[in-house]
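See the structures that follow.
Each of the two complexes below includes chain A, the first together with chain B, the second together with chain C.
Up next is the complex of A and B:
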């Protein structure tokens, strides 16, 4: 372990990983309770389109991905409502379109040295100092907003009608949560990649749900599960010389299934 | 306006007709498909204005993420000769060519080349053979000869034209070989770190040693332990430069260079664009970068 800690790449990866795990741990609680895990997977795949647009138009791909992911998130909601289709259909439409936009732009740009694999599978070891700062700021802002509206979000999660009747601006808060979700997803893409973002968005919340007594304790357990997954996953990947993204996802899976077995026995 | 079924059918038919006759300007020339840019350059150098060469892999693209467009398939279907590197490099193209062109003659340039068997677990398609032999100009001379033979067989009337063009291009390649050998002699260090295992033939020819490879396989994300090893090598050798390659993202190389206090230079093993459009241009570009790093 000291050898791993001496590695400058591991140090940066740990810093970024801890920040992201706390952010997704919080978001994950709501994703699991509101049954939004497919929305999360849809948005993360859609972000690929945003990344490609950023590359093609020549501005920061992650920033482009955030903006695009927010638009898609809101698009998924409104299309589902207006088009009289269920949300999963709307997600299916949006995320395949976004992936197609991404692939079409890659063909057009005649330059494939876009970090395709980096975005698909994550590349936490190549993270830069600036990206860590950006992660810190976005995590802090998103966490602050969620905690500020915790009561309202809690009520909406358990009973949307009741929340509406008691004067909470449900639609506005729903959009706010979608924005927070999108931002968290794009930040996590750098860590575990588009394909494995679901692990950070779903598994910690699912683990927490097994033990939690209330919303607050669920958030705490979810963050802890995410944190342990990322830190242990990184060391695990160093020890066994495997890709860090996969190490993190597999560790979180082990934590979840171990919890499941323990819970059943207990 | 409401289109009847017949009208739609007619429009569709027009469209298909247009597509199939879109490119029929140069019917008399020998049609050649080359898999990667250096081969396309050899094919043009030897063929002059008697051949039309289609390049399969667009400049800047990596074979590992290649998908053909309909237009490319159309061009392949008219080809008489398909020139390839072989050694498993064209895993992405073999099927296409087989599907699109029925009576195509395949020129496998790897025949007779002393191939290097990859010591690491790098795999380019089938087998563990390193296919990047075109980066050795002496081997490239043999490739040019194979292309000339294939042309002469397909178009015997112009065989002396091809022979003359081939021999004058071989003279250029010989001069390139001499230039590289002399430049490498002046290098302060003979060990270097590359991004992907493409430079083994080049190194073998000119007595260089590849001390480390950042990404051992295409799309194979380097692990923390592996990057640490590379970093230690760079520090041991006191290398100031990490080589990345134009077909891949430089992110990982940049991260390593930041830690090592060096900078990233972009080698190009495929070329096809800008000053690396020709094989000679590409090799001189790479040589100049290596001189900057190791000279």
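Up next is the complex of A and C:
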């Protein structure tokens, strides 16, 4: 694939892909261990509302989506805790409302905006230099925050009550994790799109959990699985002329099911 | 002997329902107190109040003369064993990883437990007689082994008081005897104060120094020998409590046989 690497758009796509795979590989570990796959799917769909608000109001759609996704993530948690409803119901309510807001705003804008489809299905090949910088900064910040609180998050994942007794501020860290998750989702939207972003949040962690004996090995395997999915998926999409987002998600699925078979045999 | 726990006229109301009412409790240091009672009687709420996770609606609670909330931020005051949860069979932690969680606070921010913490964790596993399991996958171990490792985790933080919520859940009858025996040994060897709640009224009375019954109200009995008679158990659990004397021959079996 040397000719693929020679093109600037593929170089940019690879750069963005590597950053996002490391970020989601780390986040995916906790999404899987904390059984938050549906929360991730809910936030990613809700981000559509944020993107549409950005388009409608003339803001940067990614920044609007970050702010909106964080608000929705905290809304999901607080409604579930205080509203006497389960978390899956809370997610279902928030993400359908957000999608409706998004569709309503797209209708109001009365213009068929092709960029919106780039957010829905991802378009890593069209990623701009500014978006790479934004991805680099946000990935670095989120990764630093997660690594800073790694053992605290691990203890919360194991047992929240135990974490409280150990003096950890569980509520604050839960909110911080939701913010990190929301930011990771929005950053990944340009790569695989709103519809498929939950794959990057779930599949690498699920693959890693099959083999890992400890937290650090799970993070390493998850990041590696994410990285291989993105890089190989990009090349497959180039080779067979399919949408990059679909190529990445399908590659990650192949890695997961192959791992599952290997694990069962081994 | 100084006071480990003191509760005065303590009541807890949750969502309009009185879960604990007029609780008076005084526990001296170095004592093993067992609290028994039916499900929904407020046992876990009482523990959460002692740990500072729940504030009493009225009344006061102090642990070693201080408020439990302030102790939460102090290194190693509580060694806590929550009710056993169903852990994910692929949870990525060895037994040693779990015990090291008891050293997280002393390791401090941005630092994983170091060599000294590791030594302390292995020592705690050794005290609990499960050192050989240190590299085993925690989630794959039996209920009894998991409980021993959880106690090792609680001990690794050098606690002043061990607080155990239904520790015998998931352990078979023979294993329970061993487990309580081990706890009793720990109390004596390390001069630990132990507060344990359990629905298991049979075995508990053999090992604890003092016993109390909890069903919204607390009835303190002191010495456990003969404390849980038919009258006490009937008032605790309601009617139709059949007290069996397990000597060499089981009373009820004999009656049924005749």
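Methods note: the second predicted complex is superposed on the first by the 265 of 266 C-alpha atoms of A that agree within 3 Å, B and C clash if a C-alpha of one lies under 4 Å from a C-alpha of the other, contacts with A are read in each partner's own complex, and residues count from 1 in each chain.
The rule we apply is simple: a contact is a pair of C-beta atoms (placed from the backbone, for glycine too) under 8 Å apart; a residue touches a chain by one contact, two chains touch by 3 or more.
Because the structure is a prediction, the values reported are computed rather than measured.
Steric overlap between chain B and chain C is absent once the structures are superposed on chain A; the two fit side by side. In the superposition on chain A, contact is made by A:159 with chain C only, not with chain B. The superposition places the C-alpha centres of chain B and chain C at an angle of 150 degrees about the C-alpha centre of chain A, rounded in steps of 10. Looking at the shared chain after the overlay, A:44 reaches neither chain B nor chain C. With both structures placed on the common chain, the touch criterion links A:10 to chain B but leaves chain C unconnected. Of the two partner chains placed around the shared chain by superposition, chain C is the only one that A:217 touches, whereas chain B remains out of contact. Look at A:33: by the touch rule set out above, it reaches chain C but stays clear of chain B. Legend: residue contacts after superposition of the two complexes on their common chain; A:209 is shown touching chain C, with no touch to chain B.
In the superposition on chain A, contact of A:182 is made with neither chain B nor chain C. Chain A has more of its residues touched by B than by the other of chain B and chain C. In this overlay, which is a superposition and not a single complex, chain B and chain C have their closest Cα atoms 29 Å apart. Overlap of the chain B and chain C interfaces on chain A: none, as no residue is touched by both. Residues of chain C touching chain A in their complex: 51, 53, 72-73, 78, 80, 82, 85, 88, 90-94, 97-98, 101, 104-105, 107, 109-110, 112, 137, 157. The touching residues of chain B, when paired with chain A in their complex, are 58-62, 65, 67, 69, 219, 221-228, 231, 246-252, 254-255, 258-259.
By the touch criterion stated above, chain A contacts chain B in their complex at residues 4, 7-10, 13, 106-107, 110-118, 121-123, 125-128, 234, 237-238, 241-245.
The residues of chain A lying in touch with chain C in their complex are 33, 148, 150-152, 154-155, 158-159, 161-162, 164-167, 209-210, 212-215, 217-218.
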